[in-house]
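What follows is chain A paired twice: with chain B in the first complex and chain C in the second.
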Partner chain A sequence: MSDSEASNGKGKLALYWAASCGGCDINTLGINEKILDVAAAFDIVLWPVAVDAKVRSIEKMPDKNIDLCLFNGAIRTSEQEYMARLLRQKSKVLVAFGSCAYEGGIPALANMNSREEIFQTAYHDTPSTDNPQGTRPQTETEVPEGTLYLPFFYDTVKTLDQCVAVEYYLPGCPPEPERIWDAIVAILENKLPPPGSVIGAITTVCDECPRTRTEKKIKEFKRTWEIIPDPEICLLEQGIVCCGIATRAGCGANCPTVGSPCIGCYGPNEGVEDFGSRMMSALASVIDSEDPQEIDRIIREGIPDPIGSFYRFSLAHSLLRRKVLIHDGKGVTV
Partner chain B sequence: MKRISIDPITRLEGHGKIDIFLTEEGEVANAYLQIPELRGFERFCVGRAAEFMPNITNRICGVCPEAHHMASTKALDALFKVDPPPTAKKLREMFYSIFFVTDHTTHFYALGAPDFVMGPDAPVAERNILGVIKKVGMDIAGKVLKMRRDGHHLIKLIGGRPVHPNWGLPGGVSRGIIEEQREEIEQLGRDAIEFGKFSIQLFNDIVLGNPEYVNLIKNEAYIHRTYNMGTVDENNHVNFYDGMIRVVGPDGKEHAKYHPKDYQEYVAEHVEPWSYLKFPFLKKIGWKGFVDGVDSGVYKATPLSRLNAADGMATPLAQAEYERMYDVLGGKPVDHTLATHWARLIELLYSAERWVELATDPDITGDNFRVLPTETPTEGVGEVEAPRGTLTHHYWTDERGILTKVNLIVGTTNNNAPINMSVKKAAQGLIKKGTIITEGLLNTIEMAYRAYDPCMACATHTLPGQMPLEVVIRAPDGEIIERLTQNL
Partner chain C sequence: MSNNDFEPRIVGFFCNWCSYRAADLAGTARIKYQPNVRIIRVMCSGRVDPTFVLKALALGADGVLIAGCHPGECHYLEQNYKAMRRYAMLKHTLRFFGVEEERIRLQWASAAEGVQLAQAINEMVDQVRQLGPLNWPAQWAENGRIEAAIERPAEEHAEAMEVPA
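On to the complex of A and B.
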């Protein structure tokens, strides 16, 4: 609604997406009829996927006019950064909603590369690309009829809180509809944790996993295509790298329930900053060996892609943040 | 040259932008659909373990993650040279059919229906899903909500999660189903068939029963004579999960029929400097620019083009509707962009019928839903029909199954050139010298775009069928002479 409309005592809610896949929005719609309760409690002033987008009216609002902004997606382009800054300025409470806004998510795997490498692959090296002129997308292009503009593509994907201050984090790729509803109830009933908190459980996925656990002693790790696991027993005990041990609870252990390992999309459990370090120390403790060389071999052979295994959702947020960029005078490479 | 810039605000949102340029005489000179986003999956997947791909590439799109999950899983089958057992293939196709019904339901009711139920000129505030519900009644809203809820429930039941399932593996799936689950899947599938029949009846009553809408569908401004692409089974019937790719020309003749692994011989991608999204075309014909016809390599990969590229549907109710559509619209191929909505409903009905066929297949509850690969991985292509077009994943790995190269041609990307052309043609047909540009007129142009259900960079979905638009008419010196906005 515009500012000129009479106040009806309802709070103002904005939802936005940046570098994301839309899954957060789909799961928000997945609260089904409860969306009507949200509409009863809030005027939804911005939600591109589901209601009229009114960015112009957001720009015209006084600062702190929006009570709550749920922002999903990482920051990859100049436009996305603009929207993050705008919504920060206009919102009282800003929530980094879902893995990408919270930790960088899958798009932040691109922090293993530079913009140059990504463009080289997308517009030149991919085998079906037919580009004899060596054309690349430009921020400004002169066409016969005028000038066309594209936003600037950054070298590095950032989390929302690496751009602007954030009050809360809601984990998950995407957050389950039930957890989204829990968070909305907490907001409506003013039962939020202290600012800076992750809104979610303080236990791990293991705590909600139906599989039976005994003592973990592993002689080798198995890749998922190397083993048909027993349907009842803990996957990690069977040698599969399951991230449940380091991952915040909240999903209901959906993936282990259907026979697949947890991939860590809910981020690190309470009190842990770097998901990958936590995972690696957890795995080291279950390897059945005292010999450092043997331990090294077991990890190297069984886990050939440590970034994909341990930082699939959290590279931007991690202590690593990205692969080092080298400025060589001609451009930036990694 | 005057510049009308139709800018769907996504200049700020990063998910799609249309620019239309006018000549001094007020005629449309050109139109551009720009995609201002790139995420770089083809680069950052290099170095990843191959088995992670179904759970990385599904994040290309949260609206159709099942399509990427499935194309990726099939690419792993090929990469590891393993043939999944019949139970696994049937489970995958059943899961995929449930997904197709769910996705097509969302598109038709939230995006497509508002234009036809409310009318292209209806006030913006009413031209959305809520307006549709108000006009056609709450019981329809209940049916649509139930269909979506059932679909997401079953996708989670089978694949683990309603968005971003974690289920596909080279050689099969991570878990099968038991009889109790099968019974529920069958029952909800029978409901889905009824829903499909109901949806087609609704389209009949509201759209085909209204001569004004039939004329709009048949309007030359919405016709494009390009090649059509789709996946077909051994009988040349439409299939979404597996088959050969068939391409049929605007003259109705078969241009090519090939195994998905040979896609590089038939398809290439053109680059323009003004969009981050590439423009696929038929390689044997070549890129001739944004033009129609047999001599241009531009093709469409949409529900309508899948029907055009096939000889029929594999299930009885859908086949009857298929025949009726071609009778009404004057034979094959149908080139009317707006008939894509009709084709989508025929596909919805087919998917529901296929869902029940598979749910009642004796193999479906089998224990043999996985085989372990034994060969060394090298290279593999996986292909499915995504709701928005033919989807191809191609991976190369080292002997440990670590990716060394990745190539993806995503559903909507196939349609990048035709969507540009459709927008331009609709604008040219509707904006003439002296035309007063109204909000309803803009929407009528936008309908050309919406029929494709575009998922540009897999993120342009605006569910209520309302894209915020700003039209700025500028004099040649850049001075703004008129500004018109919708939803801003």
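On to the complex of A and C.
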């Protein structure tokens, strides 16, 4: 037994959420009664959604005192980055849990806008906003009792591993309960892959998809509402932009099985650096035209929102990370 | 830095069978063109994965020039059509990222077209010089007192009154 283990022989487990929706926590509970096995193996020292623990008690721990930290959510404020650093310092194994921590996820689509644009929408433009004085949250406010602080809101949403070193990645939006359980078992039995690995399959969603595939030749991309897809044939062959070809397996092809295209929540397959470029490359290969004008038209009409189609979950983790912000390289001051 | 003394860094992916030889021909024929393109030889324009282009931009290139055989003349039959479609897809996507169209160019150049290739390079370098530096890595650099903001919770917690357990 190592020093860090509690006197009851249990390991210590922390779960945390940053910029996330809570779905990862829900699916952690989705392992059902096996959560009792987790509680038998670990003392849960931090889990904001389920356990009343204090950050201050984590701060007081010696370094590397937590055996396993499952961190979900992207990093979008200074407070979240503080928690990422704190939990990194206190944990032996830090797992980027779910799409947001791993790749930025849905919150990282905010990288198509700047902080200024987001504040403008949130505090001024939305129809339900009544803000005649144009009040906006300030990072520092002077009151008679002293200075009050709010976290700093970033222009660019970051992944967990863009802030701190991460041992493992568990993909999915949210990760399927079975995969969460597989990962916990791997950790308990010390059968983990080398650090830096994604815990999961190394094939694509297509390998799990029951639909029949023949040759892909596409004259026109279709939006999901434009056709009722044939239940047997590959969705991409029917012209629907399905990301299964580029997406890591592990979900059991839930979406394409029921006629809804894969949107890529499990992230890029092993060895792929940029999910979007894999999708661009694959889709370009199946367009059935050699005429530049026709190709342009097929792409323009069929893929009106390429960022939403190709980078829905991976924008922060992609090579370009965000929409252009400024050109002088000086960043934006607040 | 004014745009006048800005020298664009352009990464070129040139097909082994045509445009790379066109560049060679331009050299042996002593055709002058601007030295701003760093040429990488690939076996075919169809080898150019969009990842290469995005990576070049993400690492600080100001533009990317892809050059291959004319349609119908591919050494591997039809891979340059693939390049054509990928380029169209990439251009469509980069528009949404806010990257100006002139920074990405697909140029057909046979092995005999040293003059045309040199012209295309000159034209592109001039266009990118007009646009100015892209400097993509700076796009995600945050400014302001961020370090202080990140460390603040610890200070606040230290200052806060201890509540007996």
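Criterion: the second predicted complex is superposed on the first by the 308 of 334 C-alpha atoms of A that agree within 3 Å, B and C clash if a C-alpha of one lies under 4 Å from a C-alpha of the other, contacts with A are read in each partner's own complex, and residues count from 1 in each chain.
In this section, contacts are C-beta pairs under 8 Å (C-beta built on N, C-alpha and C of every residue); 3 or more make two chains touch, one makes a residue touch a chain.
On a predicted model such as this, the values are computed, not experimentally measured, just so you know.
By the touch criterion stated above, A:20 is placed in contact with chain B alone, chain C being left untouched. Using the contact criterion defined above for the overlaid structures, shared-chain residue A:30 touches chain B, although it does not reach chain C.
Looking at the shared chain after the overlay, A:64 reaches neither chain B nor chain C. With both structures placed on the common chain, the touch criterion links A:213 to neither chain B nor chain C. In the superposition on chain A, contact is made by A:320 with chain C only, not with chain B.
Applying the stated contact rule after C-alpha superposition, one finds that A:55 touches each of chain B and chain C.
In the superposed model, A:151 lies in contact with both chain B and chain C. By the touch criterion defined above, A:129 lies against chain B but remains apart from chain C after alignment on the C-alpha atoms of chain A. In the superposition on chain A, A:280 makes contact with chain C only, while chain B stays out of contact range. Put simply, chain A uses residues 55-56, 79, 82-83, 112, 149, 151, 305, 307 to touch chain B in one complex and chain C in the other. The touching residues of chain A, counted against chain C in their complex, run 55-56, 59, 78-79, 81-83, 85-86, 112, 139, 149, 151-152, 154-156, 158, 273-274, 276-278, 280-281, 283-285, 287, 289-290, 292, 295-296, 299-300, 303, 305-307, 310, 318-334. Across the complex, chain C meets chain A through its residues 49-51, 53-55, 57-58, 71, 78, 81-82, 84-86, 88-90, 92-93, 96-99, 132-136, 138-146, 149-154, 156-157, 160. If you check the complex, the residues on chain A that touch chain B are 17-27, 29-30, 32-33, 48-57, 76-77, 79-80, 82-83, 105-107, 109-110, 112-113, 117-118, 120-123, 126-131, 135-138, 141, 143-146, 148-151, 153, 173-174, 176-177, 223-228, 231, 251, 254-255, 257-260, 263, 265, 304-305, 307-309, 312.
Taken together, the chain B residues at the contact with chain A in this complex read 1, 3, 9, 11-15, 19, 21, 29-30, 32, 34, 36-40, 42-49, 51-52, 55-56, 59-63, 65, 76, 80, 124, 145, 149, 152, 156, 158-164, 166-167, 169-171, 174-175, 263-264, 267-276, 278, 280-281, 283, 287, 370, 372-373, 394, 400-402, 405, 407, 409, 458-459, 461-464, 466, 468, 485, 487-488.
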